[in-house]
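First comes the structure, then the notes that go with it.
We call the chains A, B, C and D, going by the order they appear; numbering starts again at 1 in every chain.
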Amino acid sequence: MITREIQIRVRYKETDAMGIVHHSNYVNYYEVARTEMLREFGTSYKTLEEEGVMMPVLEVNMRYFSPARYDDLLTVRITLAELPTARMTFEHEIYNQEGTLINKGQVMLAFMNRETRRACRAPKWFVELLAPYFH
Amino acid sequence: MITREIQIRVRYKETDAMGIVHHSNYVNYYEVARTEMLREFGTSYKTLEEEGVMMPVLEVNMRYFSPARYDDLLTVRITLAELPTARMTFEHEIYNQEGTLINKGQVMLAFMNRETRRACRAPKWFVELLAPYFH
Amino acid sequence: MITREIQIRVRYKETDAMGIVHHSNYVNYYEVARTEMLREFGTSYKTLEEEGVMMPVLEVNMRYFSPARYDDLLTVRITLAELPTARMTFEHEIYNQEGTLINKGQVMLAFMNRETRRACRAPKWFVELLAPYFH
Amino acid sequence: MITREIQIRVRYKETDAMGIVHHSNYVNYYEVARTEMLREFGTSYKTLEEEGVMMPVLEVNMRYFSPARYDDLLTVRITLAELPTARMTFEHEIYNQEGTLINKGQVMLAFMNRETRRACRAPKWFVELLAPYFH
């Protein structure tokens, strides 16, 4: 199991007329956290695409407990519970600067061959990079 | 049970570097469908806010079956299965112009008093407006 | 000179914590208007891309006179003042449902070969399609 | 004159089907830079709003020289050339990680009383906070 924490500052653009962060932005925060998590392992989602693999989203589940507001400094705690196979699932918890859990969500992605646009398995080099963290 | 269909044209802005609609946009399509559904019943979400009620999102669950692309003409079939109480849950199915189901999702919203920012029940006038459709 | 009018309903997602449409959304409204204008001429921006031409944005100038709000029904009046050459410039005026001019802006785009990613001239067939409107 | 530099990592969500950052996102990068510039002076846009002042955008002018891509680490160089009066104008230059100037833009904002929603002058305390940097 791998867990990392990433900080994100709420942008004005992300707020809505309720004065809070619009609910559609949380998936973007999750995505930023995935990007930064992969970077820490010495690779990147950009590298995956360059190596011919894309990762479309298959499923998103989110629960909202408390609003976030403009300029809040959020912490996204992201967890990869299992080694990727044909799919890869991330868990995300978002905390505000008071340490309150405001949102929780799960994203399941597929691996897809960039040329054929068909589903494929996670590249071997990628699985080997993550494997040491699962012992 | 109430079901309505709304059409949405995919904007270039909603695509991403995979050449498909970014997964964060589907909640916005759902939101457009909710807005138009309420309008058909002779009210609007805007009216609800003017009457002192806001509707923050509590939960979102989405599944992606097939990508949408720029300029696709999508049909969002939105269903309200139960009369609102303290919560209101909408089901959404999105079809492309070939009639393929490409996405399916559920959004649960709460009713909140705009002044006190506390949870409340659906306004009586609002429930009465929808009630005839549940007989 | 070609002028067309397109209607756009403001989405909740497009509002911000000031309770008005966030200023970044107007370029997206312009883009929707460009898409619909081209469709009226029997082609589409999608067709242009399929024919190997992309149109990156070179310049945007916008002035904001009055705010737009959630659920406003906006009219975008879009004008193409000159036949495209290596560039294509659109003028946009946005009116709210009271007929007030709330925003005005200009977007200049380039033509780019999709393969080489180099600047090119507007395709001949495309210029011929628009030419009759400039006599 | 005040100049500061802020770094922004391009999000996947900000790319479009051309494989580059969609042109509407640059105003958001400018906005992030304004937020961080104010923070450095010991205040924040959030504080301004709490003190009863909002800053709607009056004018945006942008020029695009070169595309940005997913995961690029951009540097926004933001400049405030004059002390604010009833208006406040920021200049922005965006560089990619190779040091290439890819975008340049100007944003003019107004000061508005949050209650009355009428134009006002910059708060005295705010001007005094910035004044030392203009000597």
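Before moving on, here are some points about what is shown:
One rule holds in what follows: a contact is a pair of C-beta atoms (placed from the backbone, for glycine too) under 8 Å apart; a residue touches a chain by one contact, two chains touch by 3 or more.
Given the structure is predicted, the values throughout are model-derived calculations rather than measurements.
Looking at A-B and A-C side by side, the one with more C-beta contacts is A-B. Same-residue interface: chain C and chain D share over half of the residue numbers found at their contact.
Most remote chain with respect to chain B, judged by CA-atom centres, is D. Put simply, the C-alpha centre of chain A and that of chain D have 27 angstrom between them. Mean C-alpha position of chain A lies 24 Å from that of chain B. A straight line joining the Cα centres of chain A and chain C is 33 Å long.
For chain A, residues touching at least two other chains, in rising order: 12-13, 17, 20, 24, 28, 31, 49, 70.
Per the touch definition, chain D reaches chain B in the complex via residues 12-13, 15-17, 19-20, 22, 24, 69-70. Residues 17-18, 20, 23-25, 27-28, 31, 49, 54, 56-64, 67 of chain D are the ones touching chain C in the complex. Residue ranges on chain D touching chain A, taken from their complex, read 9, 11-13, 28, 31-32, 35, 44-46, 49, 70-71.
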